[in-house]
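What follows is a set of structures to go through.
The two complexes that follow have subunit A in common; it is paired with subunit B in the first and with subunit C in the second.
Right after this comes the complex of A and B.
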């Protein structure tokens, strides 16, 4: 007698590979139109090793169990006024940055994997992309829910999807994903699946989630745990796509190498936001950006590229440039946000004496020499009632869209300038990486929606900065933006925590 | 190949064409060794703006918060335009001396190296 119940292997086969059918009345090229234009050659899709080995029914069951636990903790966090137990109200600005800058990328990743999966002739890759698309959708939802409690008590959370599409610094992560999603399906997989999810993900998630743990943010750290097993699957898929492409045909090697070069640089530039978050926005520091970069990029990438060497893949060209910047990146990024703190939807501030000393200790070669004098001057200005804000809009890099605040590592006090002339027009860049990416595909990057140029073209509300920031960006002026000192966030926080001494007094009196 | 695209001869819309700026052109100006201003600034100005107007009316608005600004000897300033050495003529317009749309100008002020000589 045969069992009525399928065993795991049968179920897996029936619910994944067996979903494929023969195309009898349409040409393959017509069905999978995007499979060949990038120059990638696939000779045998059946060689795709399914990295997830999950079927949809077990996926639902597993994720539902995780969500039950997750939402129980969110409820407990809210009921216990968890927002009052973070280390300091300044910390909350790190998650404002996460919600406006990173969570919408999860949604972009969902769109990207859903679209990309459809373009592959191989059923294994299609199912894998579908699973990842669902994970990404779950991540954006659970992140919004994790952080929604803070929206009741702090400013700057209210319009995150609107802001993501418009605000100048959010164009950095947004354009990164737009770039990936408008590429072909194989480039998308190398960009997001491999470069971002495999190589760089630890530099993004570990700092934010450990930052949450170190700073009493149980809601966010619990989201992090809930996403961890998904991320592990995503990393496996990222590595699988690279190995599959490289094993399919030798002609794929130089194409994949160029994509790795490009996307590691693009991703690294987006991580500038993480660098400053780690060194400046966490009241309790986890580790410095430099330390994190050494562990999660230098060591991890070195061993990864050693593995990939047998396919003829080398360490990306720009890794040396990224390594050279590690003692400067976070300070330059924080300087940008301090300059334009009037135009940001979160608060900025100067580090305390103790924090400056921590920075000196962590960055002995650079902090006291280059950055401490600048900060002391800014603090002096603030104490004199003239907190420094840069009154003029910054020059942006055409590719990464970050203000040109990076310097030449041979001469760290000199701005790094690069320029190309294409079709009679000048384009400016922050680095060799960004310039080379433009030069290879200029017809793509001439379309960059650079926030500063859009303001000058009159496409972002009125001519006055208040119209741009208030109406077009929907930043509540005087509330969401400006320095932390003097903000309503700070005032509320102080009010909460003055309650404690008042209660103590009552206890003593009685 | 100027882009990997599914349509042949794909061209992208140039979003920052000169004619989109309503009679202005964009120029960028950075002050070397003064990174208190985190990046070069972007300005939208008519191409026939005199260089003297830029010096007298525009630069103070951008850079005068820095204590070094009042001490700048403008005759000693060294200029670069799009990476090359440049000797601006104050009585001529931007466009007459090659400062065209999305040109990048940097200037250095010998002897003034920012807050306590730190390049800020």
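Right after this comes the complex of A and C.
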């Protein structure tokens, strides 16, 4: 082993770093304006270790091969009328939520990494961000293509980018990413590259992909695998940025700690949508939110923070709050959506008896005590022809923008409620995490575009519900929204499979 | 049980029936790149050079058909079906000499009681061995299943002898054999050299050695060689032991410290006995390091050798003193009992 063969590191360096040049007629600070204002101190970019070594040449080769395989499966899915072979039409609502809530985040990630990469003086970090930007663009494209097939057969898919920008619950994921993209470049990397892509990614993707697999949705499973095969780069980039920042200067440690605290909480709040998807929207369940949270967050984060402790980084205090919520989160989220089922671009419903029993079994400490009685009441109302829709608009958390429906974990029947006063105005929060984030940067979060405030201020199409939902959100009223029972989605599904309409079943049952 | 050789470093990993290559490697301290751990992300992609594997649940996107045809595997889900040679995307250190592994017949010429629990064994070899200071050999003992790894304590220029420091592991079969049955004149088979723990001679930084228990062996070899070659960088040896009787070879290092201006010796006892009348540092060896260097380690190369808890504490001390993974080298002295604990590992560090 004394050959003078170049090792991978040297080869990659010749192929990439040598593209860098000396800046002879402009100042470094002028070219990389955003590198220092966050307080991060970079003393030596040469200490950056490439998280992956992939030339553009092989990048195109690999990605082209993945696309070929992926689109062959999409074609087969379409030709075989794959939409008829999912477990039942309720499942498709999970996919509507994904397309309107998650796929646009892939596009935001593309924008974010393309912009952020430009801000770094280190060429290694620039190249890595550029590659991730391309991956993210591929992800949003393949997701749209995969789901375009469902758009031919189900309601609620048609205006996803428009909805992402306007609809009340979609402001939760949208404002999360807007927050990250309007931060400085290093905060963006800790927010998205590390906290989201490394720590939380499994908690987002594994439930959706295994949910798809368990419910006969080959197209979604396949784009999931295709996207995950790019995650290697994203996860290793997330790890490198965190190590690099912590090693460059001791003054970076408290800044990075604050960002980790903030972004793990921000990301976790967005995953509320995943929690309710897992426990309520999948006809065939994979595992409960609680189980998934324990495996993909509690265990993984424990080993990660044990290692980070060597840098002086501690587990965020809010982790304990997230753990305390794991037996409640999905039920509270689904209740919010059931309340506002008329204002959502997908269908909601009450679980069946069998599903309620599954929930009791998975959540023995909470479901029968707090949630089953409420659901039974709502089901009674539905059977009596008075399906409950909440006619008022909810107060939103100023930071995560989720309706203030979460409760105090010490006292689960009381709303968890925090307030801050800034510049003479009162602001409301769902949790300590969201309040602390606001209190540290109130100038940023007072600007939040809160859907409910905007409606009341007359900025969302008009004063009537129809103006907001129909004109401004572009929800097709009576088809995209309301309960699954009685929806055109349900009617079409029943026609394909010669099934009895749910109303008839309900009539018989009562 | 199959042997998997990892190129370009030449590390050898023993993989149990049904165990993944990655799992076995990480448990045996051989780092391979990985992230998701379940076949979907492709971070752990390696080239299969020789042998047969079951590629397991590798996703068709993480390991595409053309790559399968080329013999690529994902080690996080690949299970060996024969002895293997794989090539991983890891860097060979420029200071690694890559001396070939050979078999030796080794005859015991001396057995000394270095401390109440540690014996020093000197062998005469049937032919000279080429090795780098810090590396280890695998020793075969009659009636003991499997070879045992021991670091070489003498300097490489003493090529025909081999000095090992063997601590008695309670209920350990191999160390039990050395302590109770081995005698002068016995001949054993051994092979070597192995390992990625060696002196980075091309690195200009001053050196810190932190040793615990019989983990003095490698640092002893490395320091003896550096001083023999007239190295002028500052060299500091911190040696940890429980009490005075366990602090072996102290006289040797005190003498070296007198003869060489650039060498400093700092012994530390964490549990000195009253009769020791100890006036040196009392506390763990990593605390002695913090004390000696004022908690600031940046600008050094550190070499750690000893039991896992000592290494762990030393890494934390070094990192809090701003010395990071790229400047820390370590040899963990694992016993059969250490392998049993199955702790999940994050992907943050490569070697730590």
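Quick notes on this structure:
We adopt the following convention: the second predicted complex is superposed on the first by the 486 of 510 C-alpha atoms of A that agree within 3 Å, B and C clash if a C-alpha of one lies under 4 Å from a C-alpha of the other, contacts with A are read in each partner's own complex, and residues count from 1 in each chain.
We take it that a contact is a pair of C-beta atoms (placed from the backbone, for glycine too) under 8 Å apart; a residue touches a chain by one contact, two chains touch by 3 or more.
Being a predicted model, the structure only gives us computed values, none of them experimental.
Clash-free side-by-side placement of subunit B and subunit C is the outcome of superposition onto subunit A. Measured by the number of subunit A residues touched, the leading partner among subunit B and subunit C is B. Once chain A of one complex is fitted onto chain A of the other, the partner contacts of A:407 are limited to subunit B, with no touch recorded for subunit C. By the touch criterion stated above, A:250 is placed in contact with subunit C alone, subunit B being left untouched.
Contacts of A:306 after superposition: subunit C is touched, whereas subunit B is not reached. In the overlay built on the shared chain, the residue A:374 is in contact with subunit B alone; subunit C does not reach it. Within the superposed three-chain model, A:236 lies in touch with subunit C and out of touch with subunit B [touch as defined at top]. When both complexes are overlaid on chain A, the residue A:456 reaches subunit B alone and has no touch with subunit C.
Once the two complexes are laid over each other on the shared chain, residue contacts for A:446 go to subunit B alone; subunit C is not touched. This overlay, made by fitting chain A, leaves subunit B and subunit C with a least C-alpha separation of 27 Å. Subunit C meets subunit A in the complex at residues 8, 10, 33, 35-36, 40-43, 59-62, 64, 66, 89, 91-92, 96-98, 315-316, 319-320, 322, 324-326, 343-349, 352.
Every residue of subunit B that touches subunit A in the complex is listed here, in rising order: 1-6, 10-17, 20-22, 24, 26, 28, 30, 32-33, 35-44, 61-62, 65, 82-83, 100-104, 106, 113-116, 118-120. For subunit A in complex with subunit C, the residues that touch the partner chain are 1-2, 7-9, 47, 49, 52-53, 62, 65-66, 69-70, 202, 225-226, 228-229, 231-232, 235-236, 239, 242-243, 247, 250, 299-300, 303-304, 306-312.
In the complex of the two chains, the subunit A residues touching subunit B come out as 33-34, 37-39, 183-184, 187, 332, 335-336, 338-340, 369-374, 376-378, 381, 386, 388, 390-396, 403-405, 407, 412-415, 417, 419, 423, 425-428, 441-450, 452-454, 456-458.
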